[in-house]
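My structure is below; once you've seen it, I'll send some questions.
Labels run A, B, C, D and E following the written order; every chain starts at residue 1.
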Amino acid sequence: MTTATTQTDIHQGIVRQQKAEQRKKQILNLVLLVLLLLAPTVMYPVFLMKILCFALFAVAFNLLLGYTGLLSFGHAAFLAAGSYTTGYLLSNFSGLTTEMGIIVGTATATLLGLGFGIVAIRRQGIYFAMITLALAQLVYFVFVQAPFTGGEDGLHGVPRGHLFGLVDLSNNFAMYYFVLAVFLGGYLLVQRIVGSPFGQVLKAIKQNEPRAISLGYNVDRYKLLAFVISASLAGLAGSVKTVVFQLASLNDAHWHMSGEVILMTLLGGTGTLLGPVIGATFVVNLEYQLSQGPLGDWVDPILGAIFVVTVMTFRSGIVGEIQNFLRKNMS
Amino acid sequence: MSQVAHKEYEQLRISGLHAFYGESHILHGIEMEVQRGELVTLLGRNGAGRSTTLKAIMNMVGRRTGSIMINGEETMSCAPHHIARLGVGYCPEHRGIFSGLNVMENLTLPPVVRSGGMGLEEIFAMFPNLYERRTSQGTKLSGGEQQMLAMARILRTGANMLLLDEITEGLAPVIVEKLGEVLIRLKEKGLTIILVEQNFHFAAPLADRHYVMEHGQIVEEISAGDLASKQSVLDRYLGV
Amino acid sequence: MSDPFVLETQSLVKEFKGFVAVNDVNLKVQRGHIHALIGPNGAGKTTVFNLLTKFLIPTRGRILFKGEDITAMKPAAIARKGVVRSFQISAVFPHMTALENIRVALQSFEGNSFRFWKSGESLNRLNERCMELLDSVGLTEYANTTTVELAYGRKRALELATTLAMEPELLLLDEPTQGMGSEDVDRVVELVRKAAQGRTVLMVEHNLGVVSKLCDRVTVLAQGSVLTEGNYQQVSDDPRVREVYMGGAATEKQEEAE
Amino acid sequence: MSMILGVPVAVLSGQLMLGVINGAFYALLSLGLAVIFGLLKIINFAHGAMYMLGALCTVLMFDAFGINYWVALFLAPILVGCFGIALEYFLLRRIAGQDHIYSLLLTFGIALIIQGVLTNIYGVSGLRYSMPDVFKGGMNLGFMFLPYYRAWVIVAALLVCFGTWFMIEKTRLGSYLRAGTEDSQLMQGFGINVPLLISLTYGFGVMLAAFAGVLAAPIYSVSPVMGANILIVVFAVVVIGGMGSIAGAVITGLLMGVVEGLTKVFYPQGSAAVIFLVMVIVLLIRPSGLFGKEA
Amino acid sequence: EISNNTVKIGYLADMSGTYRDLAGPNGLKAMEMAIADFGGKVNGAKIEVVSADDRNSPDAASSTARRWVENEDVDMIGGLVASSVSIAVSNILEENDRLGIISGSAASSITNEHCTPNHIHYVYDTYPLANGTASAVVKEGGETWFILTADYAFGHALEGDVTRVVEENGGKVIETVRHPFPTSDFSSFILQAQASGADVVALANAGADTTNAITTANEFGLTQSGQTLAALLLFLTDVHALGAETAQGIQLTTGWYWDMNDETRAWSDRFMEETGVRPTMVHAGIYSSTMQYLDAVKATGSDDAQTVRKQMMETPINDMFAKNGIIREDGRMVHDMYLAEVKTPAESKGEWDLYKIIRTIPGDEAYRPLSESKCDLVTQN
């Protein structure tokens, strides 16, 4: 008898706690949403869009690193795949509506992600990172050589076009709210995934893969699906970015970009939802601020110093450290 | 047996030892003394802090306070490798076999800190499995073979104070018996041994004294002679 | 049911670069039995386990589960068939709560684990069954504790509960009591006894007390081959077994058990 | 003249020779990287920067003090090695035992700092360093003109590579190193001064890179950014060889030099990408690289 | 009608990467020198400078440029080195109707298929580089050519231009090899060049690639075995890095050299005082173009892009950088170019005394004639 009652008590306690956490999450989301809606009135919208694109990219990346434990060193390939496809389509087929361009761009990245995944997913740890890097380098090579990418010059003057053939996106505000919607879509999707039954399995794989196998999970399939979703969202970020900047360039495909997204994610905090967003905001801002000021030719050393400081002093990232702090001081 | 004369020599004295892993306070003021040539055990339930005590002696825990004297020398500020050089041999709880090394390399890895350690032949005679598998990668050994290897490599170094953590874990009963004989032989040679054991049946006949630990403290000290009379106390602590 | 043997190996061989770890093993495990695999260190017990669960690929030989050849199956597929192992080293998901640990196991039967769009709340249906399982191993009050914080013995208990959640027909336990204090050993013995109801258990164990208390049948492995087989009494009376494995301990344990 | 795929055999043999020479650089660099990764589990993204420092040091020492090539060949690696030890002591040591990714990030940051600061001082056009007089000229091998200096590069690199391999795989010190990286605490418990060992190992790996830098100084343009691009290729070499395999790094280094050299003949545009293609193929067939353990 | 009563100039260039030395931070100095020399104010309006590192990435450059023109009222953007950056930025400038003056880029396509009514290409481009050097070398008897090309847009353009010039002058290109960008080891390519037996080995690449290739050619005795080495794009800083010893005898085309006359010497002395190095043609071009721009703003009293550009086109350029320079409708600033040869160590009297000018190539001979232009601005008229 007694055990039965405690059992249900505890169970209910758990559910209650879940609810409370969910409410907290919702409040946080709401606050963020309001901030994001108001942001373009005080800040330069194109800059905000850049941040959102990179934030989406980082969120996509974090689904792998933070929640599946896979370090991909080739995510630039997906960003670029989305970016070039959308850029090429919108520049060359004037009948195409913007969202079609983005959808096809994302689909291309998804397919590429599937290809990468099938090749890479069976490799562990550092080998996984390296094989994704190698594949991304090959993709980079293709982008350098292929005639439709404009080589070093990239694709320029991609028209922003009309959303659903109706909304003129050359208006920065219209563009901003579209990008915001895409970003939120991606963000909420990842949030949903992380909490989903699928997310639980990913978490399990991350923590103890052999055990997950012995529980009957075909872990390769799970990792593959996570990889493809991540690639797809990265491609979406690339597609949207191309529309915003009307430009697709080799930069997106370079391994530095794959490195950058790792930095953003780590700086913000892996395995937290908000971390990559904060990290991307921070890095994009920092690069911009530094390249502007009198420190123009000191960007690299200062970035370098920031990485060093991050690793040495707040390894869990900005959001991670805040969470740790709250945990310590709340309980 | 010249060592018998020096038996009263104090090999280890621990007083007021506290140890921490990060925030968690694991040892709460350990007091113990071990004479040269003695074999004492640390008994207790899982998580009582026995392994931590050994690690604290080796300066392998996060932070520690108090005093640990080895051979009359204060070691609180010594780096672990200095402590080993004082003649302390440590056999860790989870074997610590190196996968990058083969069996032979694992065996000869710890530097000899004193003369009088066992020779390789002697060791191979004791653990023939090891000889058979001497060129395999260390971690390709079976669980029990790894345990043998972990024990064997300490015997080689000539350390005169051994800290042994759960050395019978996962070993076949015949090997356990053999290990018991080895420990008796070592004791006769005048080595000091601190044994952490779950297998009380193994430890009981070997030990001179038993310390019982609970919640990071020593709650009872029982000498071999008192074992029978204090059996009920022991049962209470160990839940036998 | 026709076949009394749930698991059968036929001439199972495993070689590691010229070293034969498992040599022509024919093992038959009867339905409903608790079957122990004992033997000296390095006899090949863990290797046999690894072969049965496909963490290693046999060099030769066949493995039959309920008469079906499972030699070529993948680890995950075998787990789904109902052959589930627990590990020699404790295997849990360290940063999940005890409850979540079990839920992940239960989830693998749901077949909807690829649904990444489903809300996490859909999993709460499973909580009740999780609590039952936790209760059965005495971990009710730790349901919401992160697993890293659990003591070693409790981790083992949790692991066992997770394994039970898989509703295995055949449970493979590799040294379930290793590193446990006697109190915990007793608890695990009870646990295994309970778990064995209605299913078959194959275990590796060095603690002869446990073997003598629990097991219906014992197979002794030495140098990769089966030395002998029988119930505990028969096996422990065999002088060869005493020589290579039990030493003087056999008699002690027996007395104790009685 | 006989031809292979439209290329004269003589040209091809010349290219093979050059492939081996370039491979010698890869071998040296990847060796250092493999030592550092294999033994310390540090992904040393500062390796390219260390290579650059070796070369830069050579040039600066000559400009400032007239220190000649032979002295620099010893002095520069030692100086850079000491710098590496300092880095290890003050920074890397503090993140020991953390995930790979942190050492990667940290060393990447360090590389950015070093390269950025030096770029601001010395620019990117490259500094001048003349070939030591003994090496002026070359020999005619019949199929090619082989500058003496390139011949020296092969000899020097191979000697150093073999010495390193021997030390790590065959000596007692090497076994300390290998063990210390797996469980440094336990090694310390055996009486070995592991922190010192680790510092020295990192310093040694860095020295190898700096040594390659000195070898490169007379033939490549010496500038603060010279190491930035070679890094990723050298990483690929280490991975193809099997991370942590010392012999693997050396052999693969030479092999990749040749593969790249041949690509430069048949499909020059692809010569930067070919190594990655090889890497994908190798990892598909052998998951832990050509010479990696646990196949 | 100067917007905000400020003339705001943005300096956008590679501050830390491959092209740092030829423009970079010192280019900003040159621009600031021009503004100071101009008096710091134009018609009472402030002159302000903002600068940024383009990191050689069209991506970073275009987002900076976009922000400058859309959000910070920058009127003119100068510097601009990597061709990809220049093309990306000129698109944004056209969209927002601001002005760009490109001083560092080489690609002749910038005023050809990529021309816009919103930018001016000031210092040089691949066309005269090929024209000057290639025709001179062919005329000296270099009949068969081996071209080593950097495998990206700039290299391809240069390769195309050289091939045309060589063939026009009766020579023949027998082999072209494209090397990845960047490449650090050129030995394999030099060996191929030697094996080709061509009279001339031309380097259609830039920066570290060129200097590495020259060093290696030297090491492998390319010139000793009778082949001529022609570097098509070589900046003073590159030659300085190579040293007269290695680079001696190489012919090259340049738009300007510091030691041409008193005027150039005087300015470059001042520049050297500021920066510690001698200016490249790009540095001089940045100074000159900034001056020209400010003059035009002063003359028209406006900072409107089209007004200023029109004024600049109507005013011939006569300063230390160029004599009778003309900005054409496609945005090309046409001025005399110079064929130079690197001095031998014996001839060189200082570390920066590196060139002797062999020939002046008149502007309209050097640059692509408008009749061949694919620029919309030209063809529409």
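Note that a residue touches a chain if its C-beta (ideal position, glycine included) is under 8 Å from a C-beta of that chain, and two chains touch if they have at least 3 such contacts.
Not measured: the values here are computed from a predicted model.
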Any chain that touches subunit E and subunit D: A
Of A-E and B-D, whichever chain pair has more C-beta contact pairs: A-E
Longest centre-to-centre distance from subunit A, chain (CA-based): B
Distance from the mean Cα position of subunit D to that of subunit B, given in whole angstrom: 44
Inter-chain centre distance, subunit B versus subunit E - centres from mean C-alpha coordinates, in Å: 76
Centre-of-Cα separation between subunit C and subunit A, whole angstrom: 42
Distance from subunit D to subunit A - Cα centre to Cα centre, in angstrom: 34
Multi-chain contact sites of subunit A, meaning residues that touch two or more partners: 297, 299-300
For subunit E, residues contacting two or more additional chains: 16, 20, 151
Residues of subunit D whose C-beta touches two or more other chains: 116, 119-120, 269-270, 272-273
Complete list of chain pairs which touch one another: A-C, A-D, A-E, B-C, B-D, D-E
Subunit D to subunit E touching residues, read off their complex: 8, 10-11, 14-15, 18-19, 21-22, 25, 116, 119-120, 123-128, 130-131, 137-138, 144-145, 147, 149-150, 219-221, 223, 225-226, 229-230, 261, 264-265, 268-273
Parts of subunit C lying in touch with subunit B, wherever the complex brings them together: 16, 19, 39-47, 88, 151-153, 175, 178-184, 206, 208, 243-250, 252
Interface residues, subunit E side, partner subunit A - complex: 15-16, 20, 24-25, 28, 50-53, 55, 57-60, 62-64, 66-67, 70-71, 82-84, 87-88, 91, 151-154, 156, 181
Contact footprint of subunit C on subunit A as seen in their complex: 3, 6-8, 10-11, 13-15, 17-18, 189, 192-193, 195-201, 203-204, 207-208, 210-219, 221-222, 225, 229
Touching residues (chain side subunit C, partner subunit A) in the complex: 53, 55, 74-77, 79-80, 84-85, 87, 91-96, 99-100, 103-105, 107-110, 112-124, 127-128, 131-132, 135, 140-141, 143-144, 162, 166
